[in-house]
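Multiple structures are listed underneath, in structure tokens.
Shared between the two complexes below is chain A, which has chain B as its partner in the first and chain C in the second.
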Partner chain A sequence: MPKRVLLGLLLACGLAAPALAQEPKTGGVVNAVIQPEPPGLMLAIVQNGPTQMVSGNVFEGLLRYNPKLEPQPELAESWSVSEDAKTYTFKLRKGVTWHDGKPFTAADVLFSIEMLKQTHARARTNLAQVDKIEAPDDHTVVFTLKQPFGPFLGIFEVGSMPMVPKHLYEGTDWKTNAYNNAPIGTGPFMFKEWQKGSFIRLVKNPNYHEKGKPYLDEIYWQIIPDAAARSVAFETGKVDVLPGGSVENFDVPRLSKLKDTCVTGAGWEFFSPLSWLWLNNRQGPLADKRVRQAIMYAIDRDFAKDVIWNGLGKVATGPSASTIKYYTADVPKYPYDPAKAKALLKEAGYKGEKIRMLPLAYGETWQRWGEAVKQNLQDVGMTIETIATDVAGGNQKIGDWDYDIAFTYLYQYGDPALGVGRNYISSNIVKGQVFNNVEGYSNPEIDKLFADGAVATPDSKRKEIYEKAQKILVEDVPVAWMLELQFPTITRCKVKNLITTAIGVNDGFKDAWLDK
Partner chain B sequence: MLSFVAQRVLKGVIVLLAIVVLNFFLIRLAPGDPAVVMAGEAGASDQVFVKQLREKFGLDKPLPEQLFIYVKGVVTLDLGFSFRQQAPVAKLIGERLPATLLLTLTAFAISLALGILFGTFAARFAGTFLDTAITVFALIFYAMPLFWVALMGILLFSVTMDWLPSFGYETVGANLTGLAHAVDVAKHLIMPAMTLGLFFMATYTRMTRASMLEVKRLDFVKTARAKGLSDAVIQRRHVLRNALLPVVTLAGVHSGTLIGGAVITETVFAWPGIGRLMYDALLQRDYNLLLGVFVICSAMVLVFNLITDLVYRLVDPRIEFAA
Partner chain C sequence: MKQFWKSMLKSPSGVIGLIILLLAISVALFGPMLFPNSPWRMVQRPFLPPFTLSTVPLGTDALGRDVFAGMIFGARVSLLVGLVSTLVALVVGVPIGAMAGYFGGKVDDALMRFTEFFQTIPSFALAIVLVAILQPSIYSIVASIALVSWPPVARLVRGEVLSLRTREYVQAAVVTGQSNSWIILREILPNALSPVIVLASLMVATAILLESSLSFLGLGDPNLISWGYMVGAGRTVIRQAWWITVFPGVAILISVLGLNLIGEGLNDALNPRLSREGR
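Moving on to the complex of A and B:
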């Protein structure tokens, strides 16, 4: 029943998009939850989730992406690509100023990119194919690539490439620059106040370059460390917005039923968080492909979706989420089939050797999921030992390859070249680090496919390559894919038009308004 | 007395330095690497990035050298730089310390005042219904975990009755000043301070009761009674005062536990104190910040213990300061 209610609400809210048809009203204050407290607010230096959620209002990128991941103008008003797909020309919006009144120009773009190459690991990887960047005038930036790079137009959102004010950072020690905790951007909201441990306050930018926006006067990001206390804060009307992941999953159905409450799963299309179990391919029973396949058959992923995630999300079919480019469902399937799992284990000669499993220390939901998977695997005759750690301890074990099975979820960033290949190519087998190819899967064919896919043209060629890669990976089961996760955003229904792009709340409250 | 205090302070400094060295190694024994945690949060973890972070925070240096740098810093009152929050540790603690002091001292005052009051009543009316009621009440609060009391308090006083705010230090966005601000903070303080205070109150109640019943049986109480002193005077001046020594000892010991309890209370009530700062620093393996909080907490415990020793003398003039 709760599931049905929730889905109903989701649908209702999806249909409640007539908010778009209504004339936005100006004014008002929105209280939102931020968890955990961001370590800093300078997006170019700190890239964790909470920082992006707050600073996505203050900083901007050259582009935004709609839910279909198509580029939209932000600081760049238009762009063009040369025939050979190696030159990208961006025309910057005119009349844009930083919050301190200085004009935003192409020089800021050039400086930002140089800085990001040193401070932003993902940006450095994304920019690896760039040969040179030039600014022929104050409002034009030209990127010349070494070779065509398919996902290039997908790397310009605010979290991947935030624009930094050159006049405040050039020649300073970036690490200790005072503006790191009182950021100056070009965004719709300006930083006003940060009371550590309590709240962060942003106020409307009256000189914002999109006339009439933003609609809200202020945003308070409230820092409430306990998940149950965050639920109560929403319940008692103290906060209006619970961004995805703010409350435990089992609280979502209850909160959804409150009066004037809207829930949506939208706004994660760019990240497309995909959860899986790292399987250590190097040693023990898991080195055998049949045992890994048995794990896929043994786990009841529909149960995890319906019960542990309250019906939110989708059972994953392979290494790509269905929301990113070049996804294909035409891959080998692993339905819940304990009998088949047992047969495969027998065939592989598995004799009950102990397998160590690390759940993810992200709270109650993940804890429960760990228990459910353990039960599933024990049911087909596997001996599972759960190892409890905190996040830092777990990361160290995974990075040192000292595990057999470990839970994780990672973002995919819209394109397999940005967020999928990194977990399967053999050049990413590096001890001591997490989130690369920690499972130790090595297949020269996959290495070649991902290398070719990133630079292939035209698009149809990329599609062909990535579909082939997906098929091979799903057959080999280097990791056990679980669910495409959906973190519902819960709001008071009076907060309209909050999520308009593929990065949802992370894109700021520029379009949001209050129906008072 | 002065030489007593001076000697205790000197000993305190030595203990503090020993704590710093011990903590330094203990923290590093825990699995987990701050650079990997931060790289992970950034959604990318390539070799260059992790190496950069390690160099930036001096984690690439040999351990003895890191210890030397840290201890040298502490001696010159420099608690170092927080890796994660990119700010000096002393500044981060300074921002949070007043809130923790307000919470713990209020809780401490509530627990002592109520504990001694209830304990005295229970002892005075030992064996009656009042005694049983107080003892059961104390037992309940002693037995219930802090976080449970906190959550039930929120459910009752915030959600159901809507009397008290459920989280925070003040009403965000109200911009109150003067008396109105003080009242606002007090309203936010009631639940966390009571939650933390009631647990310790229970201990003091039981301790005061037991201790008073013991003293009551002693000969000098009979003498006082024979002198014709009123019951109230006997209870207050002769019984209670003598019975307080173990309570004071316990209160001194509790100063450390109180800060530990503040970690949970501050987390549930979103109280912006150092308890939460410590918890976050631990999860992030923010070594310098964690060590900084430990140093401050240890210093607080040492100061509390010194105060306890001084209070002994006030409560019982027979005790002398041995320098």
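Moving on to the complex of A and C:
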């Protein structure tokens, strides 16, 4: 059985499923866990993880992305790019209606973008290069950019740019609009009811624009606050789907051994969470590149993957996850090599100065990981003091640069211009904020490479630039990259075809069906 | 003194308690010499069941760390926290109680209201809050345990002093013009000591439990291994690996039991009425 689970992980059983060429069956109800309960369901205003997971099946974006992050048609059925890479023309699908029966047109697209610029921080950044947006007719939208922007086709995912019904939101106060609590989208499922603290119920959209889909009749998103209770709910058959991160890691092996249970790490390619240790480049021993390199050699990352993450994920090679565009494995390597780490520390003149380490207060797994890394570093002669904090306290310390080593993980959003550069360019050294360049790494060459890379054309040029940037960064070790994380989705095997896209469960119920 | 040991060794519970305590102390003192490896070191494959390998007799935890080594190093932390925080609590509680009982009146009122202020707050909740505010470390843990456990000492000492205060030998000392501090230290406190010693032995047990509870909740010193931490860390995998929680749990149980037995033995030995009845 464990072998089969492993195989399932490797093949990402969601991806392999279509190859089996089973005819989808219609009907059935699926119970899934949603954790934690979302603060709201209006995807254009609230972008928490759980909101994206539920509402990604109610709303739609112009494009969808396959696991290779290639754009697929969604509300836009086709698109074209001009020669100078500055004009993008989208042809919208005809005959699409909102859940209330009104037709979806180009006017909705224009309105949505105007609204998102005010309500959605990441969409605002993504749209910064857009000069103007026009709708020559009801089913065509034309984006004109100020300058070519390589990752442009990567910003139309439902969570990044959901389409909002203009006729319900125009001229209203968006934050208090009554439809925020009963969202109206174009998606395969319609919002039906939300019993706070208990469940969110979605029902099939009978007029969905892709004929025959969705296959399921209803989805119940069960809200179960306790991690152990969520595991038990799966074991007892109350729920059929445990999305990534909804149970503790150590429960994954036990649950995946249950009968008729499928596990996959797929469905996170768009986010590609990458974990690393912030290393404070400003002060103390860590200001020396050799000490930072020693840390990379000293940490047994395979152990972390196999033991702490139960074999899920992948050892990171550098600032880009392997699923991100222009990723290269052709960078300096840091295998587990304590002897080399010791030699580097000696060379750098490190004499056991105390180094403060902040683990991430996200529960068991991260606490254990902190202990393992501490032991690894102590084994090569470093003096590590673990500082215990909660999430808010840790964020504050990191934002104030009051740390030496700190655990974190960040989403990468498919393109180095969207999710990688932000952590290494010196213009992003802003005190008081987390998730920017808090390590204080400053290298004019890297600044220039990321600035050029975002707007370079054609693709081959971007590839060249980003590969160069990766090599420089991996040599300099501004942060210590740990693992490409995978949050396993655990399902009853009878739930087929749930994970087919780069955002997995977030928009996966469109294609999912139940084998009864 | 001979008398004391004689009656102490007569009570079976006292003997058992003493043996357990001596065992725990020697493990805490000499154990780390026998196991020089850090208990945090990953030595074997994770979740190795107990009694399968002689090098890791009690198995390994979720990261492959030696449970036995953890228990030995944990003994050090648990006993140290128990003893030191009790000592601190005595240092705070005894003078406050003695002054309140001896001087009476307004001093008594003020000190006892101050004591009651601490007694009205649930002690464990207060300890959690203190550790959370001060950041978990061995110092903040000792300080917060001491802070929540001194009020009973103060009240006990006050009661004893109040009754001793009216004895003839104390009044004689007052008449001969001895200073207040001399009277308290030389005449009253030595005679009030027996119940305090009994209480102290029970406080050590309580302190060990408090430290374990704090560590169990993740508020232990992250740089030191303790029994409570081991129970807390193993709790979530108890269905897969019972031994990670059970062995340190048993260690807590036995050492707390031992201290309680000592308390009982001390009570028997130090209580003049009880010991006279025995003879």
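Definition applied: the second predicted complex is superposed on the first by the 496 of 516 C-alpha atoms of A that agree within 3 Å, B and C clash if a C-alpha of one lies under 4 Å from a C-alpha of the other, contacts with A are read in each partner's own complex, and residues count from 1 in each chain.
The definition used in the following text is that a contact is a pair of C-beta atoms (placed from the backbone, for glycine too) under 8 Å apart; a residue touches a chain by one contact, two chains touch by 3 or more.
Not measured: the values here are computed from a predicted model.
> What does the overlay on chain A give for chain B and chain C, a clash or a fit?
When both complexes are placed onto chain A, chain B and chain C end up side by side without any clash.
> Who does A:Thr389 touch here: chain B (first), chain C (second), both, or neither?
both
> Mind working out whether A:Asn48 is in touch with chain B, chain C, both or neither, as first, second, both or neither?
The first partner, chain B, only.
> Can A:Phe435 be said to touch chain B (first), chain C (second), both, or neither?
A:Phe435: touches chain B, not chain C.
> May I ask for the angle at the C-alpha centre of chain A between those of chain B and chain C, rounded to a multiple of 10 degrees?
Rounded to the nearest ten degrees, it is 40.
> What is the contact status of A:Arg254 with respect to chain B (first) and chain C (second): first, second, both, or neither?
second
> A:Thr125 in the overlay: touching chain B, chain C, both, or neither? Say first, second, both or neither.
A:Thr125 sits against chain B, while chain C stays out of touch.
> Would you check which partner chain A:Ser460 touches, where first means chain B only, second means chain C only, and both and neither mean what they say?
Neither: A:Ser460 stays clear of chain B and chain C.
> With both structures placed on chain A, which of the two partners, chain B or chain C, ends up touching more residues of chain A?
B
> Quick one: is A:Gln222 in contact with chain B, with chain C, with both, or with neither? Answer first, second, both or neither.
First partner only.
> Smallest separation in Å between any Cα of chain B and any Cα of chain C in the superposed model?
Across the overlay, chain B reaches chain C at a minimum of 8 Å between C-alpha atoms.
> Residues of chain A that sit at the chain B interface in one complex and at the chain C interface in the other, please.
228, 389
> Quick check on the complex: what are the chain C residues that touch chain A?
Listed in rising order, the residues are 38, 40-42, 46, 62-64, 135-136, 218-219, 221-223, 233, 236-237, 239-240.
> Using the touch definition from the top, list the residues of chain B that touch chain A in their complex.
By the definition above, chain B touches chain A via 30-34, 36-37, 39-50, 52, 56, 84-87, 92, 95-96, 99, 151, 154-155, 158-159, 162, 165-170, 172-173, 267-273, 276-277, 279-280, 283-285.
> What does chain A use to touch chain B in their complex?
The contact residues of chain A facing chain B are 29, 31, 36-37, 39-40, 45-49, 118, 120-122, 124-125, 175-176, 180-181, 195-199, 201, 218, 220, 222-226, 228-229, 232-233, 235-236, 238, 389-393, 395-397, 399, 410-411, 430, 432-436.
> Which chain A residues qualify as touching chain C in the complex?
Residue positions touching the partner: 228, 248, 250, 254, 303, 307-308, 359, 364, 367-368, 370-372, 374-375, 378-379, 385-389.
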